[in-house]
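The two complexes that follow have chain A in common; it is paired with chain B in the first and with chain C in the second.
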Partner chain A sequence: MDYQDGNALAGPLSEIFTLDVTVAQGTCAGCGLRGPLAGLHVYGAAPGLVARCPGCEEVVLTLVRGPKDVWLDMRGAVSLRIPVTE
Partner chain B sequence: MIKRLNWRVATLVSTRQETPTARTLVFDVPGWPGHLPGQHVDVRLTAPDGYSTQRSYSIANASSEDRLELTVQTVGDGEVSPYLTEVLEPGDQIELRGPVGGWFVWRPHSSPPVLLVGGGSGIVPLMAMVRSRGKSDTPFRLLYSLRDPGQLFYADELEKVMAGVEVAYLYTRIAPPDAGRAAGRLQAADLIAYGWPPETAPDVYVCGPTGFVEAAADLLTGLGHDPAKIRTERFGPTGG
Partner chain C sequence: MGIISRAFSGRPREPDAKLPPGQYLVHDFPVLSAGPTPRVPLDRWEFSIDTAEGQVHRWSWEEFQALPQETPTVDLHCVTKWSKFGTGWKGVSLDVLMEDVESAAEYALAYSYGGYTTNLPLEDLLDGKAWIVHEYDGEELAPAHGGPARLLVPHLYLWKSAKWIKGLRLLDEDWPGFWETAGYHNYGDPWREQRYQGD
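The block that comes next holds the complex of A and B.
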């Protein structure tokens, strides 16, 4: 099945995060692979997106935009390392 | 309650037909904060009955105050692209959100050589990088894979010799007689002939349809390029 890069998450995530989270380094709960969210494989289209690990294809996060809330499920990410500047 | 929708209203100013099925749309966006080459915007269209849909498009121009250019390829059964390429007229307005994306970007102050590998309309964000390069000393090499000469975007601009930017056209189906390369898909030999050797540690940007990006990234890592230096942007199934 065809997919997009995690770059496609930048717009939808900008609605809830002040920083661009697609550059954050995530660690996959499935296989431990580390990489930027921009490198995830994203399936589906807004308002429902599923992002999978490029290494093991486990679901890292899902993002659903409803009329009244944004539902972000990150059960497949052990951690997010977010670059910041002073 | 968070209120960060930040959709902006953009007014179409003019258009340029790139190919029979693709055109560049020039928008006036009051308060546009500027952007980095490689970033994209989400475009939202809302029908009179309230039905709304959105798509991501790469920004084509170098950062400019209040001005934004997108080049859109018509996707046959697409919901949004035919509207942008065939229906929208100067004076019409759309909503957009952005610029977004901090990963697939080239920062003009970075110094390593740059290798751009684009397939089809994947040329768009790469062209933004070329246009943003300006008088920078960073040497660029662009490999532009396209089906046939009729699919060429930005023909006039690419034709002009740009100091420090080398362009190679890789035709996949029909090559013009003077192409110097038989028509065919991107191969390792192309990356060797027209790209940078891995020892020069170039910043690599690959953009195009998913299959093209996968193939190009595999060839590049196979040649010894550091996967961490290869940034990709794929067009997914929702490009329409």
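The block that comes next holds the complex of A and C.
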């Protein structure tokens, strides 16, 4: 296996979101599959991570961490449903 | 004159002239991929150059193997900060592949089996600076390292040396590729440490 699961995104995403976004339900723009970001297949090593849909392997998001900026590219996500407390 | 004599300050360690800034030397060959490894049967492999003027030049595996071959030995520099010296390859120079291609294009977009893309100025692929390689260290190129064939552009960071190369699209305008649209530098010169947009 040459990828990690989407929990590998938890650390890098916690730098830019106050909520744990890995539990958010994402919808793949390629095949419409819905599931938590923690279920994505994550490839690559720092500075660039590529998270792919477990259904169709299309790119859902990329995350690049530079010394001064983080680039979050959500090219393959139709939406993110993020649970919040009332 | 300072309090401490120069004799006690020691001689600064000479930086390795072959190592670009911020890089460290490795002796293994790390594998980094942005997705699943494509498996491309040789009887279905082809390499194309599409010009901005609409012409298509295409080579089958047999036609590609029949072209004049070169064996460059080059240093590699990855944006993840490792460098590897003296890697030996076998393949076809882009000068050979571009010989009969007539185009006024100034840019190229390399595209791969599996969907990866990366962009380069066309001049960075010519004059002995780039190859399509199919052997590494005397063996056929393993799929994990980009086999059957990959682009090799050693003077730029390694993400520009697209694995599983399928073709080049020659363009009048620069068209950023996979990593270049996601925060990586558009050009990627390791000697100027061009890792990210804005570097």
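We take it that the second predicted complex is superposed on the first by the 85 of 86 C-alpha atoms of A that agree within 3 Å, B and C clash if a C-alpha of one lies under 4 Å from a C-alpha of the other, contacts with A are read in each partner's own complex, and residues count from 1 in each chain.
In this text, a residue touches a chain if its C-beta (ideal position, glycine included) is under 8 Å from a C-beta of that chain, and two chains touch if they have at least 3 such contacts.
If you're wondering where the values come from, they're calculated on a predicted model, not measured in any experiment.
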### Query
Just from the overlay, do chain B and chain C fit on chain A, or is there a clash?
fit
### Message
Is A:E86 touching anything from chain B or chain C once the two structures are fitted on A? First, second, both or neither.
### Response
neither
### Task
Would you sort A:T62 into first (chain B), second (chain C), both or neither based on which partner it touches?
second
### Touched partner set for A:D2, first chain B, second chain C, both or neither
both
### Task
With the two complexes superposed on chain A, say which partner A:W71 touches: chain B (first), chain C (second), both, or neither.
second
### Message
I'd like to know which partner A:V50 touches here: chain B for first, chain C for second, both or neither.
### Response
second
## Note on the structure
To the nearest 10 degrees, chain B and chain C lie apart, as seen from the C-alpha centre of chain A, by 100
#### Entry: First, second, both or neither for A:G11, with chain B first and chain C second
first
### Task
State whether A:T22 touches chain B only (first), chain C only (second), both chains, or neither.
first
### Message
In the overlaid three-chain picture, which partner chain does A:V42 touch, first (chain B) or second (chain C), both, or neither?
### Response
first
#### Entry: Lowest C-alpha to C-alpha distance for chain C against chain B (Å)
7
### Message
Please report the chain A residues shared by its interface with chain B and its interface with chain C.
### Response
2-3, 43-46
### Message
Per the contact definition, I'd like the list of chain B residues that touch chain A in the complex.
### Response
2, 4-6, 40-42, 54, 56, 97-98, 100-104, 210, 231-238
### Message
If we count contacts the way the header does, which residues on chain A are in touch with chain B in the complex?
### Response
1-8, 10-12, 14-16, 18, 20, 22-23, 36, 38-39, 42-46
### Message
So in the complex, the part of chain C that touches chain A is made up of which residues?
### Response
31-37, 79-80, 115, 144, 179, 181-184, 195-198
### Summary
The chain A residues in contact with chain C across the complex are 2-3, 43-48, 50, 52, 57, 59, 62, 64, 66-71, 73
